[in-house]
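Handing you a structure now.
Think of it as A, B and C in the order they're written, each chain with its own count starting at 1.
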Amino acid sequence: MAETAQKRITDIGPPHYEKFLPPIIKENYGKWKYHEIPRPGVIVHISETGAKLYTVRAASPRLLSTAKIRKFAQLAEKYSDGYLRFTSRHNVEFLLTDPSKIDPLIQELESIGHPVGGTGNAISSMVHTQGWIHCHSAATDASGIVKAVMDELIDYFKTMKLPAKIRLALACCLNMCGAVHCSDIAILGIHTRPPKINYDLLPKVCEIPNVVASCPTAAIRPSTYDGKPSVEIEEEKCMYCANCYTVCPALPLNNAQTDGISIWVGGKVSNARTEPMFSKLAVPYLPNNPPRWPEVVQTVKKIVEVWAANAHKHERVGEWIERIGWPKFFKLTGIEFTKQHIDDFKHAGLTYKTSVHLTY
Amino acid sequence: MAEKVTIEEVAEAMYKMVKDTMGMKKWKAMDLQKAAIELFGEDRCDKNLCKEAIKELVNSGRLVYTYFGGSYLEIPHKEGAAND
Amino acid sequence: MAEQMKKYETPLLDELEKGPWPSFVKEIKTAADWNPMANDLLGLLERSYRDKIGHWKHGGIVGVMGYGGGVIGRYTDLPDEFPNVSHFHTMRVNQPAGWFYTSEALRTLADIWDRHGSGLTNFHGSTGDIIFLGTRTEELEATFSELTQAGFDLGGSGSDIRTPSCCCGMARCEWACYDTMKLTYFLTQHYQDEIHRPALPYKFKIKCSGCPNDCVASIARADFSVIGTWRDEIQIDQEMVREYAKNGVDIVKEVVALCPGRCIDWDGETLKIDDSSCRHCMHCINVLPKALAPGKDRGAVILLGSKAPIVEGAILSSVIVPFVKLDDEDSFNDIVELIDAILEPWVEEGKNRERVGEFIQRVGLGNYLEAIGLDPQPEMIRHPRTNPYVFYENYLEEE
């Protein structure tokens, strides 16, 4: 790993995207007229010039070895003149001009374990976070749950038989590096116990005023412990958000016994039909049960299937629930409604039902 | 009109602020800027000077950016979490 | 790296090699065949699966010289057992706008990472960067040097402007109402200093979506959301509408009844849209892409302030500019001016870890608009206040 003494280059930003666009895109940039989805995982864009661009979309685990990246590069050279892209949901897309190459590409992708699909009224790849692979604050793993859930729901990735799109996402803690707060179904890792104070470490690595200021419920106060500056935590005020842990590593919340998973439903970011909406709590707690998290998988599957069986065409999960009402959602899914579903954070009153628009 | 201070002077003053309060206060870039402008006066020091001074301090390795739930400027040191 | 690598038994992770979805465990094992870091990651992850807990410590000081963003420090809490992930820092590499690549560019990136890191990546991280997953402190500068020589740079992290991202826009979508990739590239280049040298109260994310379908979730995930729209009539090809009807689309049920503006009529022959009531939601266009298209007078809505729950609760971005044209360099410069104006009061007065959306809620949108020089407009609110507690700054003289 010898180093050259070249002049240090900084602040150049990313390469210009034009370097990576296939000729057909350069020629038809801003000229696309419409698109069709001839089969799941294949989109054809037709330009006003008559040009046709065929996109083949395949699933990806997001975590890729450099060997797999080279494999994708090789596939791109074989089938799409060396051009490909990735989507905002981690799918890989090959950009073809020759429709006769679609079938062989799909076969090859499937043969190396990358199913093709995720278009139209389907479940696309899940947006997710790092989990135990890389994160210090993870309350659960990310990739493992995604794998287990998508193994079970693969049929909805490879077909387009759902009433509408459905976006699944997973975040391994409340920091939500993935946009789970506006997903049709969100899987969220949670802590359920206050932080444990590491009194030895705290004065060495944490700045007390910052720690105190970090708590949204003012549960943390400065104190001394064994003659050294420390903090004390009013545990009944703690809502396990872990904001203090982010500013002070001596306040860990991770707990093998009590960390777990919550399930949220009915969010969307698209403006189509209804305005964007937040996901709402469906299941407050499920256990962390690696390696395949059966409780989480079955709960998500149940919600997907109940929605698929009951929603009108084009109705996203949140729109469906708005139409049928939350009581019916809980009844149809068999999910128990508890005290924990009722909001008690800021502006909680806005979530109470203030009409007699009820179904029986 | 008062003469502007130099980037070096601002950098020196900022370095001293960080050094003198090491372990007691964490400085964000904005805190250093506000403190420097307060110290030298608005007519002699401005945002751009402060920005350049911070760049100078960081490029020379006298200060480093750190992140603990927010980005700070600190004297380089071995961090608590580091393994050998 | 020629020494014999330890072989870990991974009965729990092996379960995740089964099944039809692509397996991240297979990816880690592929890299673990030759890379000691990936090999120890495999062992450590198996341990996490057994212990039901993560084994990472947050590092806050490592980076490349001069930058405060782009590197996330990580150390395992079991360094004696897993020495090759004793350091396991992430590098965020700024992606090309729209996530387009050539095979050559991908190989360049893979080669660099094979020389310096774990052989593992994310395509892509949540904010949009290419993620180089795991390396030692002493490899950071060398990796950075090779990246910049290959024309790549690091993205943001910490209290800085984060790597802007966008949908594929005009490159491959007929609905793009402005050039998302061009604007994203422009803003990324303009804010290099702010991306690499954190000087803000907390993170500030920029996401550019070409239409109201918002494929990059900018309304939920970006402090500064640019969402394409149009303000003239939806373009209609009546022949094509009839074609859809003939082929089984129930125009009344699937289009007319679901229009939030209730502004579409269909008599079996002609589709009529009262564009003055159109809410630009995209639904009719989504259902009939061959027949309908956004109008020709295109631009964008600018919204501000979205974020995930930490710490004061989740916020969606809200409108601050109801319509702006974005078709030349001047209009891009106006966006820069707007961003600069937006940052100023927040940078001056914002608290550590307070996102701009939370700051606005603290000081009030009305006051904030005054500070950044925008006039209040009814497009900015759902409805006017329902309480009578109005502040009057200039008291009227009593007669």
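To be clear about the criterion, a contact is a pair of C-beta atoms (placed from the backbone, for glycine too) under 8 Å apart; a residue touches a chain by one contact, two chains touch by 3 or more.
Just so we're clear, the structure is a prediction, and the values are computed from it rather than from any experiment.
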Of all chains shown, smallest offset between own Cα centre and global Cα centre goes to C
Check: interface with higher C-beta contact count, A-C vs A-B, is A-C
Rounded to the nearest Å, the gap between Cα centres of chain B and chain C is 30
So, in whole Å, the Cα centroid of chain A is separated from that of chain C by 12
Per the C-alpha means, the centres of chain A and chain B lie apart by a whole-Å value of 38
Touching at least 2 other chains, the residues of chain B are 68-70, 79, 81
Note: chain C residues in touch with at least two other chains are 57-58, 65-67, 193, 352-353
Expected list for chain A, residues touching two or more other chains, is 210, 214, 243, 246-247, 249
Contacts from chain B onto chain C in the complex sit at residues 28-30, 33, 51, 54-55, 58-59, 61, 64-71, 74, 76-77, 79, 81-84
Contacts from chain B onto chain A in the complex sit at residues 24-26, 68-70, 79-81
As the complex stands, chain A meets chain B at residues 201, 204-205, 207, 210, 214, 243, 246-249
So, in the complex, the side of chain C touching chain A is made of residues 12-13, 15-16, 18-28, 30-31, 38, 41, 45, 48-49, 51-58, 65-67, 74, 88, 90, 94-107, 109-110, 113-116, 119-128, 133-134, 139, 142, 145, 148-149, 151-153, 165, 167-168, 170-174, 176, 179, 181, 185, 188-189, 192-193, 196, 212-221, 227, 253-254, 258-260, 279-283, 286-287, 289-290, 293, 308-314, 316, 351-353
Residue set of chain A touching chain C in the complex reads 1, 3-4, 6, 8-17, 19-21, 25, 29-30, 32-36, 45, 53, 55, 59-70, 72-74, 76-77, 82-88, 90, 92, 95, 113-115, 127, 129-138, 141, 143-144, 146-148, 150-151, 154, 171, 174-182, 210, 213-214, 216, 241, 243, 246-247, 249, 254-257, 259, 267, 269-274, 276, 278, 288, 290-292, 313-314, 345-346
